[in-house]
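Several structures are given next for inspection.
Each of the two complexes below includes chain A, the first together with chain B, the second together with chain C.
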Partner chain A sequence: MIKTYRASAGIMLAPAVTLIGVFILLPMLLTIWLSFQDWSTQTPFSNASFIGFDNFREIFGPTSVGRDFKRALLNTAIYTALSVMLILPLSVVFGLMVHQRDVAGGTALRTVLFSTYMVPMIAVTLVWSKLYSPSEGPLNQVLGLAGIGPQLWLSSPRSALISIVVLNVWQQIGYFTVLAVAGLTQIPGSLYEAATLDGANRREQFRFITLPLLSRTLLFSAVIAIINAVQVFEPVALITQGGPVGSTNVLTYHIRRVGIERAQGGLGSAMAVMLMLALIVIVCALFAFANRKDDE
Partner chain B sequence: MSAPGRSASSRLARKRLAGRGALLATLMLLVAVASAFPLLWMVLSSLKTPAETMQVPPVWIPRTPTLEAYEKVSGVINVGRSMWNSLVIATITTAGILVTSMMAGYAFAKHHFPGRSLLFSVLIATMFLPPIVTLIPLYRLVGSIGLNASLAGIIVPNLANAFGIFLMRQFIAGVPDDLIDAARMDGASELLILFKIVAPSVAPAIAALALFAFVYHWNSYLWPLTVLQGNAHEYPIVISLSRLLSYNRGALNTGLVMAGATLAVLPPLVLFVLLQRFFVDSIVGSAVKG
Partner chain C sequence: MSLAWISKLALAAGLLASPTVGWAQSVNISYLTHWSPETVALLDAAAKDYAKSNPDVTVTVRAVPFGDLLTTLRSQGGSSDGPTIGGIYDLWLPELARDKLVAPAPDAVAGEVKSAWPAGVVSAASVGATLYGIPNEIDVYALNYNKELFKRAGITAAPKTWSELKDAAQKLTRKDAGQQGFGMINSWAAGVVHPFASLLVSNGGELVKDGKPMLDSPQAGETFQLYEDLIKSGASDPAMATADANTTGPFLDNFVSGKTGMIIMANWWESALKSGMGDKFSNIATAPIPVGPSGDKPHSISYSWMTVVNANAGQAEQKAAWDFLVWLNSPKSGKNGASAMSDILMSMGILPTRTSDIEAHKDKLGSEFLSGYVSVLADAKPFPVVPGGQEFSESLQQTLEALQYGQLSAKDAQANAQADAVSILERAAK
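On to the complex of A and B.
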């Protein structure tokens, strides 16, 4: 009987394992292999020729290929850091608003916040490109009411990247708020009651109960926020095309431009490998940091 | 509790609490307005006349709402065909994900076989892989099996994913073993057990996964754009829309762009409003149980 279950487990797993194997794991291995090859994306894999670490030397070298890649890497790092720094605190604040029972409307707020997460990024991009319009966009109009002069938003190299961060945070914050609420629900109410009896005020309760017990949720949120942040594509492809002067050239856009549009498959793959390595290092560092905190 | 000496201080405390409540309510309202504003403005602008979208200071609410912009969208892109393509992509992909995820989730939850946890870890790791990492070889791979520039090329690589397997395993693990063993005693096949006994008891999770998959693949942009290679006939709505932005640069096309955006937003948003409970439950399930 055990044997037939094993056979049926194989049948159950076959479709998913085959599909993920062929369309995710195999391409991932191919990306690593191609990063050591001279290969044009328009030719079969068999045309690739081994060139050792040349692709990596080039993407970190002094030529325009290297300059563009390093800029894209830096832009992506800044973009990711800004996203996480905005998303984590906002998700906790909004999560507390949704979770609390002193004032009605928490669930309604959750619905409003989460609804933006359903909106296709392309629609977000279209809408915000108009919201940000320096001449007749409503954002500058609202700022004008507060006596603040018109901003250039997406048209200035100084503010374009942060402007894209803002529209992404606006779209995704509902998801992270729901995660935060899930974490808050797990904290036993008896802890707060005991703290109140001991004379702890609200700020102390937040500092010594809420935040520590939310740390696992925040770790999970941080990982997801990082993975999401490196995927930003539509606003860059549609509005800024990486500009002005390279200020919004981020990795997903840049790798696609090099590897697909310019068909430099080897170079693009080397960049993709660097992205993968960077993510592995950062996520491992986050977990190590979280575990050390747990031990304390 | 109402000792006479404390009533004055408790009244003061209640007053302070009411003040904090008012402040909190105001903040919550501000957050809700900021969150809802872009979409409200999108719908309002889509109903304005071109003259109204150009006006400074801006007209917030259109005086004579008109569907002119929506007609113009149909002139620039093939709305019907694009919506149909999106529907085909999202529906078939979702159906595939449901079947593959339920089967694999059942195997991981209720079968014992060597290497189970290793295989599970490898599959789950792909959940954290940004699509751009595999995009270049995948593009070539799909081309080499003759699927590029077609809807099949968009759909086939997405018929299974780690999130679905993970979610199904989490929920199927909670189905009592006795229920499954009894059916096995009766000689039911594993597939029959999965679809007749296990599936009904995890129906909410299946609904959640279906909604997630549908919305995700309705909205997805990078892969369809790459694999279609400019074959506009097969464009899903989100890619067709990108042509609106370059049509008539500047404020002139605002109404047009907003009408197009509204069209693309409607299907996922309507699904969400109808079924948001499932969305939220499954996110909570995937985060907390993980």
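On to the complex of A and C.
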């Protein structure tokens, strides 16, 4: 009986497992294998030669290869951290605002917020590159009206990465607001009624009811926001080309430059493996932290 | 045999033959370029002209931004469905040839190119003794300056030496009006490296000699120091220097809007200046690169472009591609004895390379803007074409940008640039 059950389960799982194996696990394993090889992306896999950890030593070494990789890794980490730190609180704030059913125009506000997510990133990037223009950009003109001097935005290594983060937050915030609203709708209204009867004010209700019951939604939002942020590519490729002085050179753009433009497939794979490992560690740490909180 | 039988046999033979004939004669080839839509329209028109006498060959033109050109060639060139023809920068050729992405030119094509183009240009399109592409353009760097801003600053002539350059840059700088004397470029490897290399060769130095980087020379040290001096004096503002993937952006905007007094740039940006400045384009003049303290006379950097054929394309496609390129670059395809390719290049202010094209465009090459470039061509030194050249350029770009933004001193920049170049070129040569 158990044997038959196992066999039928295996047959039913086989198509999905095969697809995942071929399209997800196999490329991942191939990337890991290539990271230990000296291989040009323009040659067959059979031309790859095993060089042990040389690629990893190179990308963490003192030469320009190592320096550029470490800078790209740091830029990606800063970009991701800033994006998540801005997106999560803003999505909750906007979520609370548009969740108020008795406020006129709530649906319109929800639509407007979500509409930024529907605009293709390439269009967002092109528009924002003009908004950020230091000499003729509308942003500096508006700041000028308020008596604030022109800002350098994408033209300074100090502000270029932050300017790209702002662009990303503007585009993504609608999606995460919808997630926050979905989470808010799951919180029973009776909890707020009981808390009101117990004398809890709005701030206490937010702190002791809304935030704890929204934690699962926020965890999901954080994971998605991290994955999205790590994959940033279009604004860098279209506007800054990783500059100035490598200040916006993020890992996806750098891997593309090394692995495809320079055809250094082994080095590019080693960088991709490090990115994958970093992502796995961060996401696992996030889940472990959330589980610990739940246990408490 | 009855008439009905003859008709049936004829129909059957026709049905059998028609697909074979269609497959054998109809060839689709694609041409990948980074040109603007206006220039692509000219290439499309040339392809239509070609189709009149070659109805079975269809040429499709596809354009990508300059920043994506090499990546597109590398990612799609390995397949027979990738672009059949690609316009490439000579610096990329050694590695594209090493990776067998580009096909050697057939003997007949190579023979014609060697007889109709100057030897230096032919060598830039070759690896060893093998010719890989049909050369089309040559670009050279010169000093561009705004005559109106010079007049307002009381400067009567273009600077001939570095001390005159620094002096003029200082006089042209008006911080209150957001005006810089000398414009640098950042966020674009060639835009950063080529002006630096032009100043270096005008100071008697070289980037690479016999495959070895020469950035530790005293001449290179003086060039790094010139950059630091221009930045520290405020005569050059890196925040006005950013470029985007299309090789436009604030550095161009600032020059066309009269906020940059001087810039070192190549001839090809004539079309960008004209479209950005309109009638004010007449304010722009060209002069040789100022000579450094260790230099003997003005020199400049030149580089060339060529069209190559995908080595992985089918035999029929490769043959059709070479035939089309030979026609496009021949004196029969353009106006008044010029090639169609040279007419397209001249529409952008780019210097053609075929000897007969230079003769056919003599009048336009004598214009005030372009004649300044033609005059420095004889003393121009080709940008070194070595394996690892693109990575070397990108690494030097990073160092120069760090110097522009005050993150490195001239001395540290020189030391870093040399160390990086040694490691990159040694690795690429293995």
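For this structure, a couple of remarks:
Please note the rule applied: the second predicted complex is superposed on the first by the 271 of 296 C-alpha atoms of A that agree within 3 Å, B and C clash if a C-alpha of one lies under 4 Å from a C-alpha of the other, contacts with A are read in each partner's own complex, and residues count from 1 in each chain.
The definition used in the following text is that a contact is a pair of C-beta atoms (placed from the backbone, for glycine too) under 8 Å apart; a residue touches a chain by one contact, two chains touch by 3 or more.
Since the model is a prediction, treat every value here as computed from it, not as a measurement.
Of the two partner chains placed around the shared chain by superposition, chain B and chain C are both touched by A:238. With both structures placed on the common chain, the touch criterion links A:276 to chain B but leaves chain C unconnected.
Touched residues of chain A, counted separately for chain B and chain C, are more numerous for B.
In the superposition on chain A, contact of A:246 is made with chain C only, not with chain B. Using the contact criterion defined above for the overlaid structures, shared-chain residue A:121 touches chain B, although it does not reach chain C.
Of the two partner chains, chain B and chain C are each touched by A:129. With both structures placed on the common chain, the touch criterion links A:64 to chain C but leaves chain B unconnected. Of the two partner chains, chain B and chain C are each touched by A:260. When the two structures are aligned on the shared chain, A:27 is found in touch with chain B, with no touch to chain C. Of the two partner chains placed around the shared chain by superposition, chain C is the only one that A:157 touches, whereas chain B remains out of contact.
Common to the chain B and chain C contact sets on chain A are residues 41, 129, 133, 135-136, 237-239, 256, 260. Considering their complex, residues 5-6, 8-13, 15-17, 19-20, 22-28, 30-31, 34, 41, 44-45, 94, 97, 100, 102-103, 105-106, 108-116, 118-124, 126-131, 133, 135-136, 138, 141, 170, 173-175, 178-179, 181-183, 185-186, 217, 220, 223, 227, 230-231, 233-234, 237-239, 251-252, 255-256, 259-260, 265, 268-269, 272, 275-276, 279, 283 of chain A touch chain B. Contacts from chain B toward chain A in the complex involve residues 17, 20-21, 24-25, 27-28, 31-32, 35-36, 38-39, 41-42, 45, 53-58, 99-101, 103-104, 106-107, 111-113, 119, 122-123, 126, 128-141, 144, 156-162, 165, 189-191, 194, 215, 218-219, 221-222, 226, 238-239, 241-242, 244-245, 251, 254, 257-258, 260-262, 264-265, 268-269, 271-273, 276, 279-280, 283-284, 287-288, 290. Considering their complex, residues 40-43, 63-65, 68, 129, 133-136, 152, 154-157, 237-246, 256-257, 260-263 of chain A touch chain C.
Across the complex, chain A is touched by residues 65, 67-68, 70-71, 74-75, 78, 95, 99-101, 178, 186-188, 238-245, 250, 253-254, 257, 259, 390-391, 394-395, 398, 401-402, 404-405, 407, 419-420, 423-424 of chain C.
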